[in-house]
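Chain naming follows the written order as A, B, C, D, E and F, and within any one chain the residues start at number 1.
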Amino acid sequence: MKYVDEFRDPALVAQLVKRIDASAARLPSRQQPWQLMEVCGGHTHAIFRFGLDRLLPDCVEFVHGPGCPVCVLPETVIDQAVALAQRPGTLLCSYGDAVRVPGTGGSLLEARAGGAAVEVVYGPRDALELARRHPDKDIVFLAIGFETTAPATALALQAARREGIGNFRALCHLVLIEPPLRALLADPQLCLDGFIGPGHVSLVTGTRPFDFIPAQYRRPVVISGFEPVDLLQSVWMLLRQLEQGKACVELQYRRVATTSGNSAARAAMEEVFEPAPSTEWRGLGSLPHSGLQLAPEYRAFDAAALLEPRAATGAEPGDPRCGCAAVLSGRMKPPHCPLFGRECTPATPSGPLMVSSEGACAAWYQYRQESADDRR
Amino acid sequence: MKYVDEFRDPALVAQLVKRIDASAARLPSRQQPWQLMEVCGGHTHAIFRFGLDRLLPDCVEFVHGPGCPVCVLPETVIDQAVALAQRPGTLLCSYGDAVRVPGTGGSLLEARAGGAAVEVVYGPRDALELARRHPDKDIVFLAIGFETTAPATALALQAARREGIGNFRALCHLVLIEPPLRALLADPQLCLDGFIGPGHVSLVTGTRPFDFIPAQYRRPVVISGFEPVDLLQSVWMLLRQLEQGKACVELQYRRVATTSGNSAARAAMEEVFEPAPSTEWRGLGSLPHSGLQLAPEYRAFDAAALLEPRAATGAEPGDPRCGCAAVLSGRMKPPHCPLFGRECTPATPSGPLMVSSEGACAAWYQYRQESADDRR
Amino acid sequence: MTDAKRLTLAHGSGGEPMQQLLHQHIQPLFDNAILARQEDQARLNMTLAPGERLAFTTDSFVVTPLCFPGGNIGTLAANGTLNDLVVGGARPHYLSCALIIEEGLPLETLQALLADLAREVRAAGALVVTGDTKVVPRGAADGLFINTSGIGVIPAAVDLGTHRLKAGCRLLVSGPVGDHGAAILACRRELALGGDLISDCASLWPLVKGMLEEPGLLAMRDATRGGVNAVLHEFAAAAGLSVELEEAAIPVRPAVRGLCELLGLDPLQLACEGRLLAAVEADAAERMLERMHAHPLGSGAQLIGRLVPQRNSAVIVRGLYGVERSLPAVSGELLPRIC
Amino acid sequence: MTDAKRLTLAHGSGGEPMQQLLHQHIQPLFDNAILARQEDQARLNMTLAPGERLAFTTDSFVVTPLCFPGGNIGTLAANGTLNDLVVGGARPHYLSCALIIEEGLPLETLQALLADLAREVRAAGALVVTGDTKVVPRGAADGLFINTSGIGVIPAAVDLGTHRLKAGCRLLVSGPVGDHGAAILACRRELALGGDLISDCASLWPLVKGMLEEPGLLAMRDATRGGVNAVLHEFAAAAGLSVELEEAAIPVRPAVRGLCELLGLDPLQLACEGRLLAAVEADAAERMLERMHAHPLGSGAQLIGRLVPQRNSAVIVRGLYGVERSLPAVSGELLPRIC
Amino acid sequence: MCLAVPAQVLSISDPSRALALADSGGVQREIELSCVIADGPPETLIGAWVLVHVGVALAQISEQEALASLALWAELDDGDGA
Amino acid sequence: MCLAVPAQVLSISDPSRALALADSGGVQREIELSCVIADGPPETLIGAWVLVHVGVALAQISEQEALASLALWAELDDGDGA
């Protein structure tokens, strides 16, 4: 596959590892390892899939960040989606990732087994197509995601509005990358040494959401692609900044990413959405100005309006032993969660981090079972 | 079964046959046999099922009448029912008898196989119950029948109105017994000697619809039950009238029937329905004042309103060889129809008379195949 | 399965949840060493004596509702296939059991149904040795379908089949007809019927084992779909003969008759699931009937008719008043009549 | 059937329309004397030499859509059951074929699918000798489900199975993995994918016949639901050993890989319908591979791993850069990922 | 037309709608009595036999008339024959 | 987050909606180009490589930058090591 295979080349990988080793050796020696947070769950997934963490010198370590839209989905959103899927005449369309996330009353897959109408689609345009094909049904698209994913929903809603497709709606839980990073960095306990920036978010946003990291916290950031060569190159670039005492935002993912991002995508988002006053994050709580909601002209497409306004359910807080919050903010490694691998497995996830194969727990479970026992 | 078995008693039947023979022997001899028309398809069915025609002397013969609501159903009604069953969100409920009747584009069963929603129910109240249970669906009841059956539909519509069940509707093709009898008797070619009156219609109507037969045409009428003893007793009573040169309406079915009928049932019908200016009969054409339609206060329940008003389809007239009209008016016996037993069988009915097991053709096919070949 | 109480597509996906379902919840019900090997195929150490033949049959069961008075889809799937073996004179040995599950089926329901299936198979001295489990999305199946296939052994001395039918042989039915069909109709929600209608679902092996010892047995069929009517027509067609039935001799339970009067149906068209029709030599009929009466499953057996040289109709019924009429083959699904 | 072009409930009701369907439209496709006897059970004159065992297997096929690039539910139902016989070392002899039809299925479709089924069975030298046909109401099934059960004979000299697995033995796959699963995913309307994705649906008998002649064969499985992943886990669990895989050795077609990259899936989890996994003695692996390469069905065969004494994970993959990772069992249905 | 069967009223299931449970040859069904209750409460019909068509009772069955009808023929046995 | 794959634009399937058929590793899908067409007609993108996420092309892939990135490491082979 073009633009994939070249960036998985074992020879290049071996070379990069050598270079990283050399660079790490030049860093000042210290007690704790140099911690580099890969913000994006896609990076987490690639790291585990290719065993990149095992290629790093002992003094350099990946820390998994909050950048998986599935992992930060609060139970209330799932509960709303379930309620919509159970509504007569309604079909709930979702990305495959979200359907296994447990809500307070079970996941969308469990709801489907109980009779709710749930369909997995590749993208919002496919849900819109279903709305065209089934004019007698309400088609609700569960729109989750960061800035990478939001434009697709915006474009589908624009098309629905343009073409007058009244039976298409979205249940939106769209989030922004900058606020959780700010929250993380504001934590005085946290000692992260650098950030691998999310290459695909930055296609839309450009580098702007990450500028505060070197500016306010003097930590280096490298916007990275998702193949092994990309990630190792980014690690090396971070180590180089650390070596040189620099802290700036660098672009590793130059073949697609730019500092300015994609203005057309942002324009679509800006037409359809507006900043939400506050948004709920699983594990992080409620963060102000951290998400998007439908703009007034698009409120007619809000699927939440189809639901009875519920008396604020004192939603069960889930299993108190659930370690998601700590793992999500980098304070705990997955295997140290008491539920990990016992109650909580990819087949029976207790928390969202076990659902998406980007989730730190799922990635750990999927790829590191062997090594977890062998090496730790 | 009480009130059934006693009236099937072989000893009584044997006695009645003797008496009929004796009575027939006393009738003036003549070329053609004495023809007694059983008006009601239920009688036709019982006659064939028990072989009663084979018990009569050669000079007495049953002639099958037009009293089967399924047999007189025009194709256009089936076509409307099919169109409703194919309508999204609509469930068409029907008596079992009507679902195999061919319309111009096939039967309701064929439509169901093609994806239409058709449910067989025992009575209109069951359809109403479905409407209660599925408020998001339009439940349409295909209301066919003579005066016996119309009250059940009237009661269900009264209940729907009282309880505000807005998703229940009826597609009505309700017919009256008197007009086709008048049409038959007006045919100068017809030489019927007496009539076995429909016991179950008369439960509702009383004897009034039959009074014109002795009065205007001087033919005897006996309102009969449906068991072998009932029918043979009625034959004997008719022969007695013929013997004595009398012509009046007698009641054989005294255990349930009265001269006045059921006024409560008629009151329900009169509230819900009004006489239709003209009604279509398969085989008989359009007869004025021969059916019922929804009264103005019940028009909201008319399922026909759910259909697009169709440009009068020059509906295909069906197979020109179809002998239904002739059989229905007593001018031809079923096995003489060119389609009988070939294209037209109960599994693949060309005409409605092959559908209901009350239909003269179906009854003949079902019970007389052997004898048809043996004896005729 | 942990806490999941309903089956989901995951249980049919070939992975961990399916393995758990099979190992923890299904295989134990059938508890036998052949199934426990969990290979893609059962390996059977059978020996066939000279003249012995293998009988092989299959049926899928799609009954609604899954549970009904007198049985359920589990007992039906066991006995239906056992009976298709034994009416050929075969002793049942091995069954397969293949499930098509609509997602959402409660695990508890599945287990109860399969436990009943397993019990019936065991009672006939047979084993469920291989199986398959598929889960399909909501709306792609109706709760649960079960296919069972069966293997039995026909002794060298036994030769039953329509090839042995001949004019003059007598037709025996092993008990009242139409019980199963009537029980299922009464369960149809839209008909909203109640009453003492109980399926006759049963394994015929204990009855047939005895009948095989009597001389004169020519052919047998279990009267399932299409009822006795269908078997009579199959016999007539296969033999090129006609059937003459005595209406008065046909055993029908009162409630089944009541249901037929109410809905305008013929008991001969209603399915049985524990009745057989046997054709026997004329001079063996009496003793065969005695033999059948000696077993509870045949206590209501009756001689109902005979085969005769071909007439104009395949099946002819002599009614209560001595008049003959033709009994046509069933022409479609059973529909309640109002007229 | 006369003019009816679609199947209705009447075709499953046991009466005249069903007899017509079977005699005129279905039985001729399978044209053989055993099936033509139309008894409730096939009677099979088999002789088993000493040491020969019967293999018995069943599978229901519920694929959507009914036709897909490279096959259809008919070829699948034939080859799926044939393959479950042959991976046990059995020569396939007899199959049953039980249909569950959703009313409305065009007769023409049914006939075409069954003609393909019949052709595949015949090609393997086997016969369809017994069957069953059910028709269920609209919405109670998804077009057509087919169950096939199969009977084969395992020669006395053959003893394959997980009981023979041992540390050190080699694992061979007979060709590129995941073709069937990828082809089916690409057919899902909601995913709207196109491409050169063709099911590998095939009867493995011609390949296996040759492999059985080679020494050192220990166990085989066809990698159907759950893909190669599922077989590896079954082998590991049954043997109490671990599997070590070489990621670079696993054959995957470019388009299958493309689909997996697009949807975030692992080719090892995608079903195959014409691939097997064989465990062979270490010193026999090379010759077995040559033997497999000699047949078109095995031309893409590869040595992909081996069994080793139990480690912390059941299946361990050595990736492109030499790092080992655990390969967990498939945990549910395959869902496309966006993240 | 119009298959109707004798049924015996077992109990009143919904007095306000005149619905009753009735038995017909051992089979029970809910039927509607509104056309056969004159003025009294439906309960007075418990035990009575009615003739039911598509779920509606259209008439009470008179045992006296039924017996009379059957007796008539017993009598006639040596009457009309002559 | 955000699985995205390189795909090559094969043809324009609906110019008014900027929909195109694209190939990704041998698999074809309809994608939306509206975020990557600057002003020109979508046809100019035929043959171009884009990065696709949930059916939307978010960026064109620069072959030059890709080669540069890979070449950098080839160069570095005997550069940074010291």
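Methods note: a residue touches a chain if its C-beta (ideal position, glycine included) is under 8 Å from a C-beta of that chain, and two chains touch if they have at least 3 such contacts.
Chains and their UniProt names: A, B = Hydrogenase maturation factor; C, D = Hydrogenase expression/formation protein HypE; E, F = Hydrogenase 2 accessory protein HypG.
Just so we're clear, the structure is a prediction, and the values are computed from it rather than from any experiment.
Annotation of chain C and chain E: jointly contacted by B, touch as defined at the top.
Shared contacts of chain B and chain F, meaning chains that touch the two of them, come down to A, D.
Comparing the centres of all chains, each the average of its CA atoms, the largest separation from chain E belongs to F. Two copies of one chain, chain C and chain D, touch each other, and the residues they use overlap strongly: the shared fraction of interface numbers exceeds half.
Counting C-beta pairs in contact, the pair that comes out ahead of the other among A-B and A-D is A-D. Mean C-alpha positions place chain A and chain F at a centre distance of 22 Å.
With centres defined as mean CA coordinates, chain D is found 56 Å away from chain B.
Mean C-alpha position of chain D lies 38 Å from that of chain F.
Residues of chain F in contact with at least two other chains: 1-3, 5, 24-25, 29-30, 53-54. For chain D, residues touching at least two other chains, in rising order: 8-10, 15-17, 191-192, 254, 257-258, 261, 264, 328, 331-333, 337-339.
Shown for chain B are the residues in touch with two or more other chains, namely 1, 4, 41-42, 68-69, 95, 109, 122-123, 126, 145, 149, 347, 358. By the definition of touch given earlier, these chain pairs are in contact: A-B, A-C, A-D, A-F, B-C, B-D, B-E, C-D, C-E, D-F. Interface of chain D with chain F (complex): residues 186, 191-197, 254-255, 257-259, 261-262, 264, 337-339. Those residues of chain B whose C-beta lies close enough to touch chain D in the complex are 109-110, 112-115, 343, 347-348. Residues of chain A that touch chain F in their complex: 1-4, 6-7, 12, 15-16, 18-19, 22-23, 40-42, 67-69, 95, 122-126, 145-146, 148-149, 151-152, 155, 159, 198, 200-201, 203-204, 226, 229, 233, 252, 254-258, 262, 264-265, 268, 358.
In the complex of the two chains, the chain C residues touching chain B come out as 190-192, 254, 257-258, 261, 263-264, 311-313, 316, 319-321, 323-326, 328, 331-333, 335-339. Chain D meets chain C in the complex at residues 8-10, 12-19, 37-48, 53-60, 62, 64, 83-85, 87-88, 90, 94, 96-100, 129-132, 134, 136, 139-142, 145, 147, 149-152, 154, 161-163, 221-222, 224-227, 229-230, 233-234, 237-238, 269, 271, 328-334.
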